[in-house]
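By written order: A, B and C. Residues from 1 in each chain.
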Amino acid sequence: MSINSDYSQQGAGRGGVGVEETSNAVEIVEVTKAFGGGPPVLDGVSVGLREGAITTMMGPSGTGKSVLLKHVVGLLEPDDGEIRIFGDDLWEMTEEQRFELRKRFGLLFQDGALFGSMNIYDNVAFPLRKHTRMSESEIREVVMGYIQEVGLEHALDRAPNEISGGMKKRAGFARALVMKPEIVMFDEPDSGLDPVRTRLLCELILKTHQEHGGTYLVITHNIDAAQTVSDYIGVLYQGKLADYGTTDDVFNSDVPMVGQLLRAEPDGPLGME
Amino acid sequence: MSNEATEAFARPRRPHADKRPASIGPTELDWAPGWANRTISGVGDFLDFALRAVALIPHALRSYPSEVFRYAGVLIRGSSLVVLFMLFNLGLEAGLLADTQFRPLGITSLNGAAVSVAIFRGCVQVLLGWVIAAKIGCGLVTEIGAMRINEEVDALEVMGMNPISYLVSTRIMAVVIVSPGLIIMGYWMSFWGPWLVDVPFLGSTSDGAFWNYLFALQNLTDFIIVTIWAVSSIALPTLIGAYFGYTAKGGPVGVGENTAKSMLISMATVSVIATIIIQLAYGVDANSPIGN
Amino acid sequence: MGVIVTSEQVQRPRTAAQRRNPYGGTTSAVVARMPGPTRNFLVEVGGMLALLGRVLVVTAKHPAEILRPTLDYSYVTLRRCWFPVTVALGGFIVFLSVAALVFFDQLGAVGIYPPVIMRVCIESFTVWAVALVLAGIVGASLTSELGARRVRDELDALYVIGVDPVRELVAPRVLTAIALTTLMSFPAVALSLLTTQLAGAYYASESSAEFYHYVFDNLAPMEMFLAALNCLIAGVIIGTVCAYKGMNAGGGSEGLGKAVNQAVVVSFVALWMTQTLYTGITQGIFDLGRFR
């Protein structure tokens, strides 16, 4: 019934830990998107994000991974196709319903997108202040929990333009998670981080996933990170989904471009163009 | 390696480096508040930049004439129509107001006089300055600022070109080339606007009376004064725009902030110029062929 | 290996998308067939009107929630902009009063100077100057601030958190622009009266008693009301244009600078045209020039 259903029998990746078959929390159906009359960035992409699993999207730079992610949260409207969140078409809803639905999302932007006018603490507390009736002390408790997890206790009062790129990422991470969202998306959580931080961030993703559950979508260029965190991997190439499957499947894929990408080989269909 | 060669290497690069005074950098006035120091050093920076850009105009003309004429073309195509349209609109408004104010007094035949004194001596220059600040000044900030952010300015320097000459002096020269035509056409627009309202539309004055009074109340001295005024109202916003573009930093956000800042400073400057020139030129002597 | 399964859902007719087709309706179909520049113009105007509509709806729905940030933002804006606004506006007003005085002095008619210049200021020029100065200073800073948030993805982040940026950011800013423009007209008119009077006293030795006698004899409530309405319209234009341009700032290093530049130019042109229209209409309907 659901798309990608032929993968349901196969075991999952993430170091061989099995994942139960679940339905799709997010379904992207034949989404096409072009900007300003140019060639389509996404050209009929269909993929589902399994509920409770971590799905990773990979692909060369500029193939529309961030664009796909913006479609899932409804920041962009597809030219054609549908986005279904828990079975409901995002663009059949009213604006109000979409705002209501977005409270169940968490998104870490590619460069953090912290509010420049607030300090780190207020940035993380912002969703709670807007959407819950918690008292300031309750908010503080929750926020400090997440801030400690990402290790930013010492930078609470700093403004976003006073901290490094990696710290911005971690603050954005805390802000994405603070509402305990059901669908969490990370746009290149590891870009601009050193290898150790990347490793720690991956562990953090896995840990929060274990603790709070939820459907995760991770976009990354980092092969190790993809291997560590993913249950499923999708590969986007030239506006189409070139491959999709469990982590092990995709890493053993016989699609030439996917093999080249995951093994970072210079020879193959991918070039500098 | 021979001893001489090493010595040659070891020679100080700037022979008189040690003879320079310890600090020739910007000096702070300890007793002045921070904003005053910042303002003074900002104005100093701007003057330094503007003088250098103007001094490099001959160099720019010699080295990059095509760039000068390309940008002049851009100005004529992109900016002149907006500017002239605005001045024409100013004329319409002035003609309308002159009519409504003078009709009850029965002196609508003097409409041409009102235009020649109140509009020609200042309003045209101030509004011209403001429009130039918006259209050309901000445009320069955006264009040069984007190049600065993209490190194109540094790239030019690395390629052995003088970025101020190539980017700024050429554009200033283009403005110099375009502005006489723009100013004359602007005056013309600000005359024809009120003519259109007062003579054919409202019929408040006759064609002959309009032009007669218009030219009776101005003379060559007027023309020279207001043209100097117009030139400075064009030149300063242009230089301010180029300065803020050239000194942009902090990514796209910085370019946006600098654009807003240059607009702010240009507008205030144009107003201040108007206040000063009107006092200097007309405060004591109305320079009029009648009534004096 | 993975080829995506095409389920029956995937192949069903995609009516939803067709219904969402931006060029689906009649109006949109007409707009879509326009030549490029006209279409862009219509799309921009439509976008601005839609934004204004959303601001009004949101404000009507949650007035209490929006009042607070509006006051905050007004305070911030005033603190940042009061000085340049005062200089730009004050300079223009001083200049205008001297220019007007010179004119009436030439005609030997200083007697009619107070009511006429007062009317010209209230009915048009002061209000106009307020509008242009606020567009160039407050409007530009508004665009650069909103645009910076757009470029840093902050607006998208608000959407994702489930907060409507129009309600959170845009509405308070548009309302601030409207409020400041409207409120600024009163001190500006008062300042024009004061400078006109001082100019009269200094340059033509006119007594202040006579001046104010003339002024208040000829000042009708309708004039003040029309001036406030004029400023309100100007404020709506400034707020909407600048917020729209900021919301839609493009990426890249020149996206934001371009947005600020266009915001200023577009609001200048729009203000200039509405000003002439407004003066024409109000002067035609109300006999404002009558002397009492």
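The definition used in the following text is that a residue touches a chain if its C-beta (ideal position, glycine included) is under 8 Å from a C-beta of that chain, and two chains touch if they have at least 3 such contacts.
Chain labels with UniProt names: A = ATP-binding cassette domain-containing protein; B = ABC transporter permease.
Values in this document were obtained by computation on a predicted structure and should not be read as measured data.
Distance from chain B peaks, on a Cα-centroid basis, for A. Here the chain at the heart of the structure, going by C-alpha means, is C. Rounded to whole angstrom units, the spacing between the C-alpha centres of chain A and chain C is 40. The centroid of the Cα atoms in chain B and the matching centroid in chain C are 24 Å apart.
Between the Cα centres of chain A and chain B there is a gap of 50 Å. Shared interface positions of chain A, i.e. residues touching 2 or more other chains, are not present. Touching of two or more other chains is recorded for residues 148, 152 of chain C. Among the residues of chain B, none is in touch with two or more other chains. Residues of chain A that touch chain C in their complex: 1-7, 29-30, 46-47, 70, 73-75, 77-82, 89, 91-92, 95, 99-103, 105-107, 109-111, 113-116, 126-127, 130-131, 175, 179, 241, 243-245, 249-250, 253-255.
Chain contact summary for the complex, chain B toward chain C: residues 82, 85-86, 89-90, 92-93, 96-97, 100-101, 103-105, 110, 113-114, 117-118, 121-123, 126-127, 130-131, 133-135, 138-139, 141-143, 145-146, 149-150, 217, 251-253, 255-260, 263-265, 267-268, 270-272, 274-275, 278-279, 282-283, 286, 288, 290-292. Taken in their complex, chain C has these residues touching chain B: 81, 84, 87-92, 94-96, 98-100, 102-103, 105-108, 112, 116, 119-120, 123-125, 128, 132-133, 136-137, 140-141, 143-144, 147-148, 151-152, 203, 249, 251-261, 264-265, 268-269, 272-273, 275-276, 279-280, 283, 288-291. The part of chain C that touches chain A in the complex is made up of residues 1-2, 4-7, 9-10, 14, 16-17, 20, 148-149, 152-154, 156-157, 159-164.
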